[in-house]
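One structure, pasted below without further comment.
Order as written gives the chain letters A, B, C, D and E; numbering starts at 1 within each chain.
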Amino acid sequence: MSAESSPSPPGAPSVRATPREPLLSLRGISKSFGAVAALTDVALDVAAGEVVALVGDNGAGKSTLVKVLSGVHRPDAGTVRFDGRAVTVPSPGAAQRLGIATVFQDLALCENLNVVENLFLGREMRRLRLDEVAMEVRSRALLGELSAKIPSVRTPVAALSGGQRQTVAIARSLLGDPKVIILDEPTAALGVAQTAEVLRLIERLRERGLGILMVSHDMADVRAVADTVAVLRLGRNNGVFDAVGTTAADLVAAITGATDDLVVRRPGRSRGGSAAGTAEATREGEAS
Amino acid sequence: MSGRLRGGELGLLPVLAGLVVIWVVMQILNPVFLSSANLTNLALESVPSGIIALGVVCVLLVGQIDLSVGSVSGLGAAVLAVLFVDRGLPAWVAAGAALALAGVIGWLYAQVHHRIGVPSFVITLGGLLGFLGVQLWLLGPKGSINLPFDSGLVTFAQLQFLPPWAAYTLVVVGAAALYATGAARAGERRRAGLDAASRQFLAGRSLALLAGLGAAVWYLNRDRGVGWMFVFFLALVLALHYVLSRTSFGRSMYAVGGGREAARRAGVKVRAVLTTAFVLCATLACLGGMLSAARLAAANQSSGGGDVNLNAIAAAVIGGTSLFGGRGSAFAALLGVLVIQSISSGLTLLNLDSAYRFMVTGGVLLLAVSLDAVARRSRVSHGRA
Amino acid sequence: AACTTKAPGGSSGGGSSRDAKIAFLMPDIASTRYELYDAPLFKAKVRDLCGGCEVLYQNAGGDAAKQQQQADSALAQGADVIVIDPVDSAAAASTVRTAQGRGVPVIAYDRPIPAVKADYYVSFDNEKIGAMIGASLVEHLRATKAKGGLLQVNGSPTDAAAGLIKKGVHSAVDSSGFALLAEYDTPAWEPGKAQSWVSGQISKFPGRIAGVVAANDGTGGGSVAAFKAAGVEVPPVTGNDAELAAAQRIIKGDQYNTISKPIRTVAEAAATAAHAFARGEKPRGRTTLFGTPSELFTPTVVTRENIGEVLVGDGKPLKTSEVCTATYAAACAEAGVG
Amino acid sequence: MSAESSPSPPGAPSVRATPREPLLSLRGISKSFGAVAALTDVALDVAAGEVVALVGDNGAGKSTLVKVLSGVHRPDAGTVRFDGRAVTVPSPGAAQRLGIATVFQDLALCENLNVVENLFLGREMRRLRLDEVAMEVRSRALLGELSAKIPSVRTPVAALSGGQRQTVAIARSLLGDPKVIILDEPTAALGVAQTAEVLRLIERLRERGLGILMVSHDMADVRAVADTVAVLRLGRNNGVFDAVGTTAADLVAAITGATDDLVVRRPGRSRGGSAAGTAEATREGEAS
Amino acid sequence: MSGRLRGGELGLLPVLAGLVVIWVVMQILNPVFLSSANLTNLALESVPSGIIALGVVCVLLVGQIDLSVGSVSGLGAAVLAVLFVDRGLPAWVAAGAALALAGVIGWLYAQVHHRIGVPSFVITLGGLLGFLGVQLWLLGPKGSINLPFDSGLVTFAQLQFLPPWAAYTLVVVGAAALYATGAARAGERRRAGLDAASRQFLAGRSLALLAGLGAAVWYLNRDRGVGWMFVFFLALVLALHYVLSRTSFGRSMYAVGGGREAARRAGVKVRAVLTTAFVLCATLACLGGMLSAARLAAANQSSGGGDVNLNAIAAAVIGGTSLFGGRGSAFAALLGVLVIQSISSGLTLLNLDSAYRFMVTGGVLLLAVSLDAVARRSRVSHGRA
């Protein structure tokens, strides 16, 4: 959480000096899919009680990085340190046992199972005689906290709306007792109230000392909750910014690699008062 | 609970309706069909295929297939006969060895699947051929081995029936247990502030079970009664039902079948689940094969051949198990095998030429499943599209 | 058979004292004879003997468990006698015991049931059939001074009857002086399988195959087709069952022999015995085999020489009009058939 | 596009008087899934050259309405008028033939087909001897316009990132020559540049006289491009607003049914300068 | 083009490698295996199953299954024999009638699937039984019908071989066509500014084809040569390949198999595609059955029985067609059937006991497919996870 408001030069992975050993620390992570180099020599740190936002263009490699951290993909090269120890994350189960919980971009829910079953999948209460009652009570409480709008916790996930599913996926990551939570575009499908709830939740989790890595395309959300913003571009580090004192324009420039604001500022709206450009304008506004 | 009922267990009612239709039609065509004697036979004949179908349900649930259940059942029969009759080992040692061998076979399937990545269709096709070979080799030039009629195995499969008082006691205990567990769960839910089944509903359900099973037992007791082997099969069905619906392992099976990658990401040990499913399937196939041999009082080269494979898989599918994984239940095997055996037994009574028998079997099968499909469909059109 | 509802009795006729139910359980449909000859002939004879009697005909399609189911269901229907041609002679023991346990006599038909004493046995001997086709072929080869070895195409490896035939063939061939080049158990008696096996042997032993002993007409036909397809002259090929198609091949000269079984005689003898049992009598039989009163009949080897006398024509198993179709008319005339 | 800045009373479906017959017009649409009434008596109009935003909470029924319009679901009741005629939309193919193109929330791409194959699925060029070259050229051009970051148009969709897939789905709706385009949360997974491009595209399509129905949770995007905003709440109409002159707070109130701003304004950020509340604050700001 | 090559056609190389391994092993075990005479047989024997497997590829591609290909092929043989031999109709009328009947069967399957919603596994299981009954009924009074050896059908299947000059011409034309189409497409792509295969690559590929096929023809010509029936089969494979890869209909088949709902939403007429797939499958099964009967010069009760079903499905799967739909190709049927027939032919030459033959068949099958799986896997681990 040390302040370093200017981006480090693109290309050279920038590693900020943190006051204490970060909870999660990646160095030199590379991952290719055939000819596509999704990640090249990526470094990233997440400290306890810190919210790190991971931003980048579509296809920049954010989800691939998330999947490496959560044991879905094995990196081709690089090291992962967790809680001070070098670890390998051979499987999603291993990640969970380490204390890394993940909300995937594609949610990874089992469509044929209902909400409670999905929430507790792999960590059912009373393995040999499922405690359905306790699980249902806990599910309702959890979903209530996220102001989820779900018809019934016994609905199969296949029958839920996009936002309802995302809420379930987020709720699932909160079960267990993770030390790090990784959220890949957690609010993409959420309504206004639910988004607010999730952001509030992230802050509460930070206060409880968890490390949080959040992928998002929404600069407003990022700047609202993140302490640090790491930018990926074409699979490489493209700077780490302190959330305080960085404008949305700076971030967008790092994301797109544009030196000017061409991408961001579109010509004014052709008719009517409100220009389409205001979408980004509002997002950029009010840099604190 | 009630949600589960709506989504899952009620899903068996259409198959049950199909079964009833078959029974009525068959009874009209030949009044012997619903006689106590014939139903007693039907119950016993269903057991071997039914047990094999239980195993098939397990592999289908996790999205795999096992084409070798027939061969493995035949191999089980052969191993049992060779060890028990030729080598003179005690029956339980022989049966245990056969089951262990089957377990190893299932485990090997899983290893090949995991390590080499061959689709289970091909692995078990190899098994189908390979273990048929082993079976023939074991039985050697004799080709057929008789199991002694007075051995425990054969009497168990052929002649042991529950005494009436025991059968009625079982029925009463079953109905009481259904009510007790239901009431306990409902109470727990109510205390936790969740919706729960009403006491009337629970009582009604238990009484219905009591009446249904009681009548069945009374009717079967007019002939030889309820076979121990059938009770054993029912116990297996209930045990598998418990595992599938009330343990975290069963939950994982549905999850792996419904979305293997999603289950993996949720931390489910996918490989362990798949391995267990293959092992369960092979072991149950072996058990079914041994009981089939016991019923026949012989293991021979054609044990497990013919349509054992197709019948077992078909029973699972007819009962509502999906070939694509993630949907099915232990009761699917029970109902499916009853459908298949009822058709077969009913047509046997009709004295048809083979040509007509095949045609009618195909037609009736399709009809029975259509009923189920139509019911499911009307439900789906109100539910998921 | 307590508590079985008896079907309402039909019209009584034929002068029998009571209407009986006789179960007639046949093993498979790999050979056409059961559906085509045995069952109709048996039914006809029973009808002659007792108009009100009912025959419950079932075919197990080669599945021993299914045959057991059929026997059980016959008992459930109140059968008074069971006539069974066992799929598996050993496994049928169970059926015999169950039936006898309920006081229902069992007649073993065609194949013996050695493990348990049946009440009666009517048959021709499958092992003998194997020996006959083998011997007939060997004799012919000696007569034509053929050179080379033999191929042996057996029946299904999972069929007990095929095992008996195989044994018989070996007994005739092994000591014949003609080398046995190779033999093959045809899965499920499938002619196509036999054909591809023989095709392989033709390329393996070019010009060295003097004859083929095939265990039935289907596999024999497959063997003939293999030689035809290889563009090689067809050596003498045997068969068994006297199927129509085989008769045509024999007349055409493509197949050397087949076996005509006195099915009518056997079926009628079985029907008579069954009827006797149904009336509570105990027929004695002409001999005793496996401790069972038995009647054994001898089949006939059919070749082009005697086909007109024993197989095709009026009052014989096959009708001239069906065998001598346009394609075969000339050959029929040549062979003196029709 | 008549101005009506105050919301009509919730409950009574409000139908604005449009100067001309709308291109697409729904009345009394209801749709239930078993016990869940997803839509109840919904009305909606989309005129040519108009961008209508459809907003609502998670599970409000937006996607269900979209699916009814695009022939995926059949409504239980209600009428659809298109181009002045009463129509039924029995299948997605029928919707396309009418001239309704849809981007579904779950994208509905075939994972085993590559990008070009997906784009032209169901409308291949030269049916009996596929014109692969022309299709590939056209695909590249189209994706270029959307500044898609896609490794190769011959990549199977299974290997694309979330945003890349969404771009493909959007591109697909532009092929053919639709009169109405329905976009269900089209920018949810898109990066900043791609979002800007899609909003710009929507404006261009409006200028070409197409009717556009866009579902979105992003009030900034909605207010940037929409002419009219229709609100769904619990499956019912909850007001139709003119985009000009309606504040984000008004919309959020209609969406959540909250009379005060409790949901929207969260307590200020507990530490650091930027409050998490700014996420919504920025979205709400600068009402034009 | 090159992308497609990387993703699709190269995917067959591992199966090809498996095939080569089988051939080498078999040749070592028995030197007759690779003789011209045996390869000529092998080629001809592969045709009927291969054609049936082509149909199976079609249904598997769209995510369905057809268990009745065996029965339909047997029914086709029976209809052909009855009409051609018993009724004396011209061969082409008889064959046409059989094919039309098969088409109707496929269409019926599709209708039941669409309207009632029964899974295709059950429908075609009904068909398997029902049409076996019809076949038995048709052959009824005779059981087995000879097709005259001198009829055109039988000579086509048994004795008609391409004259050497024709075979070589075909090879040259084929290689030239491959080059020409490749070059044309590359040119078009280059003009459109897309990456394209280099002229060297195209020329190399054509030369390799020329050399490979030329050598094969030369070798087969040392015996009877290249059978017309095999050429016919190759033509069918190429035609289906064209349909699958170069027409919008083929594209829809992949789409429906890969994601039925997604395809529907893209405006694909899913029902029409499924119907066509079922019809194609049944028709090809019937064609395969007729050729099988022609090769045997007889239609009988066991036509289409035994392992015809399993072999055809296995051939498709071994060639790399997915049981879950959306992946496969026409060449899968060709290579898969060659693998199966090579194993079967090689073991046939070995003069093994049935017991050993079954074991070895199972083992070799597994081995051949494992090679493929390992290759695929190493590719996948670099590609999609």
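Please note the rule applied: contacts are C-beta pairs under 8 Å (C-beta built on N, C-alpha and C of every residue); 3 or more make two chains touch, one makes a residue touch a chain.
From a predicted model like this one, the values you see are computed outputs, not experimental measurements.
Graph distance from chain C to chain D, where chains that touch are one step apart, equals 2.
With respect to chain A, maximal separation of chain centres occurs for C (centres as means of Cα atoms).
The rotation relating chain B to chain E, fitted on Cα atoms, amounts to 180°, rounded to the nearest 5. In terms of their C-alpha centroids, the spacing between chain B and chain D amounts to 49 Å.
Distance between chain centres (mean CA atoms), chain D to chain E: 46 Å. One finds 76 Å separating the Cα centroids of chain A and chain C. Residue numbers of chain C whose C-beta contacts span two or more other chains: 29, 35, 157. Among all residues of chain D, those that touch two or more other chains are 33, 72, 159. Touching of two or more other chains is recorded for residues 136, 353-354, 383-384 of chain B. Those residues of chain C lying in contact with chain B across their complex are 1-5, 7, 29, 35, 55-59, 61-66, 68-70, 72-73, 75-78, 87-91, 93-94, 97-98, 115, 157-160, 163. Every residue of chain C that touches chain E in the complex is listed here, in rising order: 29-30, 32, 35-36, 157, 182-185, 187-193, 195-197, 199-204, 206, 217-218, 221-222, 224-225, 228-231, 243-246, 248-249, 254, 322, 325-327. Interface residues of chain A facing chain B in the complex, by the touch rule stated above, are 70, 72, 91-93, 96, 102, 104, 108-114, 117-118, 121-124, 127-130, 132-134, 136-137, 152, 154-156, 158-159, 172.
The part of chain A that touches chain D in the complex is made up of residues 33, 35-36, 56-60, 62-64, 105-106, 147-151, 159-164, 167, 185, 188-196, 199-200, 202-203, 207, 217-221, 223-225, 227, 243-244, 252, 255-256, 263-264, 266, 269-270, 272-283, 285-286, 288.
Partner chain D is touched in their complex by these residues of chain E: 3-4, 7, 185, 188-189, 192-194, 246-249, 251-252, 254-255, 257-259, 261-269, 326-327, 383-384.
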